[in-house]
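For reference, the structure is listed below as structure tokens.
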Amino acid sequence: MSPTAFLAAAAAVAVAVFVAATTVGNEYVYFAGYTVLQYIVLATAWNILGGYTGYVNFGSAGFFAIGAYTTVVIYKTLQLPLLVAIPLCGLTTAILGLGMGYLTLRLRGVFFAIATLAMAIVLHTLIVNWPFVGGARGVYIIRPRDVAFFDGYMQFLFAVMLALAVIAVWIARLVERSRLGRGLAAIRDDELAAECAGVPTLKLKLISTTLSGFLMGVAGAPFPYYVTYVDPNGAFNLAYAVNSIAMPLIGGMTSWAGPLIGAILLGTLQQVATVTISSALSLLIVGVLLVLFVTLAPNGLVGLFAALSQRRRHG
Amino acid sequence: MEFPLDLLLNAIVAGILLGGFYAAVSVGLSISFGMLDIVNIAHPAFIILGAFVAYLANTTIGADPIVTTVVLSPAFFALGAAIYQVYYLSFEKRGHESLRSLAFFFGLMFITEVSLLLVFGVDYRTVQAAYIGPSLALGGVGLPLRLFVPCLVSIAMVVLLQVFLQKTFTGRCILAVAQNQVALQLMGADPIRIRRIAFGLSIATAAIAGAFLITIQPVEPSIGRDYIGRVFAVCVLGGMGSLPGTLLAAVILGVAESFTATFYGPSWAPAVSFGILLLTLACRPAGLLGR
Amino acid sequence: MVETILAATDIGKRFGGFVALEGIDFAVRRGERVGVLGPNGSGKSTLVNCLTGVLRNETGEIVFDGQRIDGLATHQRIRRGISRTFQIPRPFASMTVRENVEIALLYAGRLATTGPGVAGAGDAAAILDLVGLGAKADESSGQLTQVDLRKLELARAMATRPRLLIADEAMAGLSRAEVDEILALLLRLNAEGISIVMIEHIMYAVMKFSQRLCVLVAGRKIADGDPDAVVKDPEVERAYLGD
């Protein structure tokens, strides 16, 4: 399928999802659906660096939160509409990703991972100490009263996140099948051998962190309007970091479908568990699933399916 | 100018005491990450686990927090050995899988934190002991016992570990593991068993450090995250696997944080370790005492 | 056209206090076959790493095809026409044999428009046929045998369209028949105009292959010249065969 055809197909699926959601007509569907879609963007973004390039980013929550807080800053200063703010949020976190990569990617991969972990904490510290965006106490965001073409603001946010998810998955698939994607895969398999095959590894890794950072910021951009009250503990929630790693790992990391499947399954599971049991327990389930998959099914669900169908063909 | 000098001295003393505590917090990582090359980012989670075990023993039967974790350290050692076994079977044996093993420890950290959250909630917990509260005064400098006692026990623990590593056969095997596997096989030791023992030790030290933590400050489940930057900063600055280096780096971090807290405000302290970590990685990845 | 394709002069490299290379002069003429011999730890691999930019030499300069290259990153040197294989094969294990070669074609091969390459081999299939892996193009590279892995190393190196190929112990651990197979392959590549540096332990292969032989001992070059003369050099005999 060509990229354009894929984009058209994905858009058609998105429209179908949107129509289905409107027929349910329940505000909660938008609310829960938004969260799952947000995880699709986040997991897909993480996978560009983690799955395609082989570098672990533990700081997804930091990127997500900086995306959200960029919206807060824009809200308090320029008051631009959300749709204009989203690319600016992405730009901010793209620069963050580039800087992060530039500082640490010359070192061994584990140092990059450790640095991202520490970076999320430092960004948290910075936001807590910045009164303009509410500091530790947080800040309230007032949603516009109504929005054109949509039946309420929540429906609009749902549609926005749906569009972002389509774009994110489309970009991931585009990267995966491009010259860039093949270079990234070579880096993931063996960085020195890649360099010796003529792959400009540092440049490609920087592109990867920048693109991944961009999409993470985009995922966080509508967040303030979704929750209407942003505080550091909510925006920097460790759940974002865990989910963005767990979803691709459980789904499968080598293709765009993995994080998509992982996000839909885990995201829905968490929504159900949060409603029926508790949010803490639903997070515990994610943690346990992450450890189980990593130790027992290292290639995720996509890998399991592939192994199963291969066995059927041969047996 | 009497007041700033006083403040300065206090900041230095508090920093050194804090550094002694940081040495206990980081020494286990210097063993697991520095010597075994196992990137255990869940290390702080085991510190918090130790803190809550100390809390339980203290509130139910009134046991001393530090004595509790020292007595229970064999149990933590066993926990560490069991985790190593899973790690070995899932990652080391299958070949180099750094990405998934990182995710594994991240998952462990998360499970520990959420489990503690489910059991104990988000409230800050404290313990009771005779040395929490009183303070010695040397001239104008305060020496709070709740910092002084953990610092002393911590230094004793690091010194004891160093003696163990250098004087016993098992200890020398652990050091040999850090250098190369061939030397170890020449010594006739099973590398997997040696690594299991070393990892067990590292978790045991984390639990004891947890008792220090809850002696020094109130603890809640998610506080471990503040220690991720610190333990790795100390480990890298100390030269990855050198215990004297760990001690020195811990004191440097302690003094730097104490200064930051005194002169800029305590809410900035978590950024110090990150700064040190990044600076070390950028300028001198071999650490202070590295070659 | 410059007669010398590679000229490295006074190359030095230390690791902490350990001197890995000191004052190495190393030159390769166009189309030449040079053997490099030396005991373990003599600096052979460090020399390869310095020439290809995996490590940076601390002293000296490297000129390739008339231009200084010692400031360039590895991938830039590869694109200019220096290629190498690894002592321990490093395949891209998640890819097929063909995809391994395609990476090099995509990133380095298409940029080298001049210089001798594989005759008419515009694509991966031709290169794989040349090294004898044509039938295994769609197999997973992680499951190849040792000798096939060595061939894949050579195929990937060839895909970068090199003018100088450095084969770092491409035959270690192979059987006599397999050594002959790789040797024949290297001679064939050389016949197409590619200069080849062979770093090797296997005396038989080195003697059969080399037009000129260099010997490294403890980071210094102790001999350089006609292979038959070099192996009879008393200093070489002492260093290589022991006192």
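Just so it is clear, A, B and C label the chains in written order, and each chain counts residues from 1 on its own.
Here is the rule we go by: contacts are C-beta pairs under 8 Å (C-beta built on N, C-alpha and C of every residue); 3 or more make two chains touch, one makes a residue touch a chain.
On a predicted model such as this, the values are computed, not experimentally measured, just so you know.
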| item | value |
| --- | --- |
| Touch-connected components when subunit C is not counted | one piece |
| Most distant chain from subunit A, judged by the mean position of its C-alpha atoms | C |
| Chain closest to the middle [Cα centroid of all protein chains] | A |
| Centre-to-centre distance between subunit C and subunit A (centres being mean Cα positions), rounded to whole Å | 43 |
| Separation of mean Cα positions, subunit B and subunit A [Å, integer] | 32 |
| Whole-Å gap between the CA centroids of subunit B and subunit C | 47 |
| Sequence positions of subunit A contacting 2 or more other chains | none |
| Interfacial residue positions of subunit C with respect to subunit A in the complex | 52, 54, 73-76, 78-79, 83-84, 86, 90-95, 99, 102-104, 106-109, 111, 156, 159-160 |
| Footprint of subunit B on subunit A - complex, ascending | 50, 54-56, 58, 103-104, 107, 109-111, 113-115, 117-119, 121-122, 124-126, 128-129, 238, 241-242, 245-246, 249, 280-281, 283-284, 286-288, 290-291, 294-296, 298 |
| Subunit C-facing residues of subunit A, complex | 179, 182-183, 185-186, 188-190, 192-202, 254 |
| List of subunit B residues in touch with subunit A within their complex | 39, 41, 86, 89-90, 94, 97-104, 106-108, 110-111, 113-115, 117-118, 222, 225-226, 228-229, 232-233, 236, 265, 267-268, 270-271, 273-274, 277-278, 281-282, 285 |
